[in-house]
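Note that the chains take the letters A, B, C and D in the order they are written out, and that residue 1 is the start of every chain.
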């Protein structure tokens, strides 16, 4: 273990926290050493206080870690702290940690729109992390993971805008998995069996705003940096919940601002896309951040969500759109790329970029 | 039973045929007297040859009806014949029936785009049936039921275009129930459990074309009539299959051609809409063909599909669309309004209009 | 409405309360006039305070009823009060109501094992209600509805014991619907999608004890009566939760105490069974309390739960058991016969027996 | 690859065949070199002719293998051939292969009751394979994999009988995953959504007979061997299909023939059990063939089916049974231990025992 970086997890007993723990197992860069939760759980072994609901059991190396409260002192010595905190408490706690010089990668929504905090989908806008060179170095690094439904979309959009220039309009409808809602209480069985729920509170707003920041740029000066959202992309989102355990699917229509490439060019672009995650050899990076599936009925969540261990976005059904330019179906794993997995890949990018 | 019209069903052992039988039970206008199926079933009691898969059991008055082949002679005396035939055989058989002077209301797709055959969603374009006054009276009446995913959409669109003039653009994504695929084999359990399938063969084409005819007009001369599709409405559809038994949901964005009414006006319009089905007192007509649900998370298939016994379309979540004008969620019962139920309501309209 | 009895519902906003309200709609004997809930809801119109989750909408005649607290004064004049209260409060409240002379039919478990309170499945042991003639008439009538998983089982067992004498051993495993757990929070979507949960807290105990009382007898004296459980029937139950909305299925093996009838005799007995509900012409009584389905793969919850509007128990797959005598599969609708529906049918029996 | 044994798969395009292919990936002992399917597929690359429906994609090393017909000549040189053939053709084809000296491990039911063919669940009765020393060496080895619902049960029963002597009675009800039915057509979506099906054709017979052979013994002479089923164990099984993708759950009641150990002893026995698979260091052997889960609501298919990569049986809810001696809930992965995985582990045992 010598030489590994030390990692902590805040909100360790929640669904996102559990996924951070699971995905950190066997990670060659990070060694999980600290777990924070509410005062109710503090002082007890992790296995005793968590209601573990993952398909794999609690890693044995983690079961006996004594949970602490979410205070900076308990995480001293951590090179990076992953936050799976609920938004109701994440604001204050994360601020304390960063002020104490700790590096925070957060799944909470609180700071996503803050102009001094990068909002990063690691396979979409890894270069935004370069802005951190220009941060106030008296404080820790603070990076936000995007909303789960944003993550898959922006990887596809990034591939397209990088090649063909800005996209002016996006109309999309998502079919989102229930794991995105956590499990206490999460989505009720009576609400989702033989049913869909065409509404997820706050989700459409996130999906209409976050891609602009992720696909935007940043400015730097000697003392600071500032993220600058893309202004001219209009997104109209409808988000629904469907009876699927993992994997958010989106039906996406797009219009390019300046050009209309051919369908073959668009498909080739989606196939060819690569990101810094692979070129910088991040351990968790998938072979490809984006795959195009040619079968007419793909991607499907149960069959395709685990491509690239959940880090690869899959796209299919690309075709002409009679109202906008093109439409396609896009799938991403909401608890890997859409949450904890992105956090870990961001940490790996920070390490590769020598920022931690 | 004296005075009731005599009805027959073609394709009586299939899933649509079974629904025709179920919905005709207790109908005050029609008495079911003839059942047609393949030669394999002909000559045997209906209960012996059907693999009945409905939540209610086979009506006792129907169980002992001896099934015949689908030939006009066996349906002589029927005032109306409902066709649940598969498209692979519907073309030839329905043609024979109409040529023999029998009135056919068909759920098959074969004649839906024929300019001399009305394509009717009874609560959307009942007035198209008036064209039948001008038909060649040596032949029977022939009317097509729309595709199941079309039915709900066009009721909402009709309400809006009737009030605010043409709609120029529609972008929609459907989340369709598996009963729409029938049950032999239908959608496989392994395909739909913990999954969605973002593709339904041929469905998007139907959904992009059928509404134009239904929202179009017709011309007449002394000897004939012709249906004239709406030309200037562009529809972009993505159709998906979700793990829901009954009820097709659609996420719909629209743009008006000439005007942009206020959101309140649009909602009022959806609430106020009425159709000839109610004003002509069709027995199966719902109290309202369209309801607007104000709860933020509705309509939902399991909770709302049975409003108006499955004949009412429910709409909710009306809001501004940042790319088009407005967006909303729309739900209809695919095996009632979207199939057999529409057929029966069309027959009731034909009777009210003294066409049968 | 003149001449109808007045009914109230306690716990009116919960899932059982909602079902009482739904099933009382259109009932020819009872007129729903009073709704009780927690103090949080009291004083407001029912439609404003309930989170209605039924497939049919709130009856319009009920939507505007002002909810009261669950105190006897608010239910004065009610001929019968149905209790859908949670067990945590049912004990005290129901005691107050009965002491105040109000007649309570309760779905709560609190008094089910009380020797002076009949535990009644109306199509299984309606004759137990006759004991109420001998009650202390200074107090109201108090009857308990059985646990939902008990209801279906005992109808089948009653048919068999009535004909063939006592059953000495029962081994059963249930596959129970999630509606049995209510909906706040009820069974979580993450717990039940692509999953079964082989445990329902407290359920196996109920299932091993309640049938003994229901299949038992009662003694009377001039002043009182006493329910006497069957002593010699051993029941071993395993209860599981499955991804089904409504309908509890049970796989049941039985051994008779004194005899082994032929398989044909057992099947005939299950087919022939009738109860006082029909002979006394209770309005909600199903045509048959028990049906035997001969298809090899029935009963199935989605296809058979609604037989007799949910009041009929369906049995199938009767065959020899190599360990006990016979085995079969048994299905009942858990929110109708297994809960609110039984309550209403009990009230109808009480009226037919001139007890209310 | 030098030194690896050569393996083939019959029925390679079916659901069991696909699982053999998936599970052989990365196996350190076997190198997959031959794929057999129907003449329709023969001569074409595997990826072209299979409708692949697994969560992981087709291994690239397999995609281009040219499929052959299922004839012995095409499998010459294979050290072991795994058969995922349908029972309708397995009888004749497997006989030809064994006659040609090829070693067959079959998932088909055809030879399971044959007294000269071991029926082996590798973590339950690996010692039965020792009988093969005494086989007619002019022919290949022929071993059958058990039925999927048998596999989990017999591992638990073996642990108990090994320690406490014979079990005389077993009453069980299974809740089986739909993957057990394959996928063409498999279980229909309309049959299994919001439903359970309390019948699986032929399954109960298998479950009542196969455990007797697996828990039985064998006799040998110089020239041959004979499997001898356990005679005195009576099993009564009810098998049901539930909406679960993978993982068969069973509710099991047992009675010992000669003794009644304490509950603590039974639980300890289930915890302590080990098999030759681990002691002989088979590469696919799980750490433990059997685990006892102490949480009150486990095992659950979605959470526990992947323990030991699907090779570990999990047991929970051990408690006294008021009719027999004890009852418990047992879970096994039906497509791993219950099918293809067992086949591979049997092959590994054969190699460890120097039989191949």
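Here is the rule we go by: a residue touches a chain if its C-beta (ideal position, glycine included) is under 8 Å from a C-beta of that chain, and two chains touch if they have at least 3 such contacts.
Note that this is a predicted model, so its numbers are computed, not measured.
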Chain labels contacting chain A and also chain B: C, D
Chain separated most widely from chain A, comparing mean CA positions: C
Centre-of-Cα separation between chain D and chain A, whole angstrom: 40
Distance between the centres, which are taken as Cα means, of chain D and chain B, whole angstrom: 48
Residues of chain C whose C-beta touches two or more other chains: 53, 191, 193-194, 243-245, 302-303
Contact footprint of chain A on chain C as seen in their complex: 53, 178-179, 181, 183-194, 243-245
Interface residues, chain B side, partner chain C - complex: 53-57, 193-194, 245, 302-303, 306-307
Interface residues, chain D side, partner chain C - complex: 169-171, 173, 175, 191, 193-199, 201, 208, 234-236, 238, 240, 242-245, 249, 251, 253, 296-303, 316-317, 321-324, 327, 329
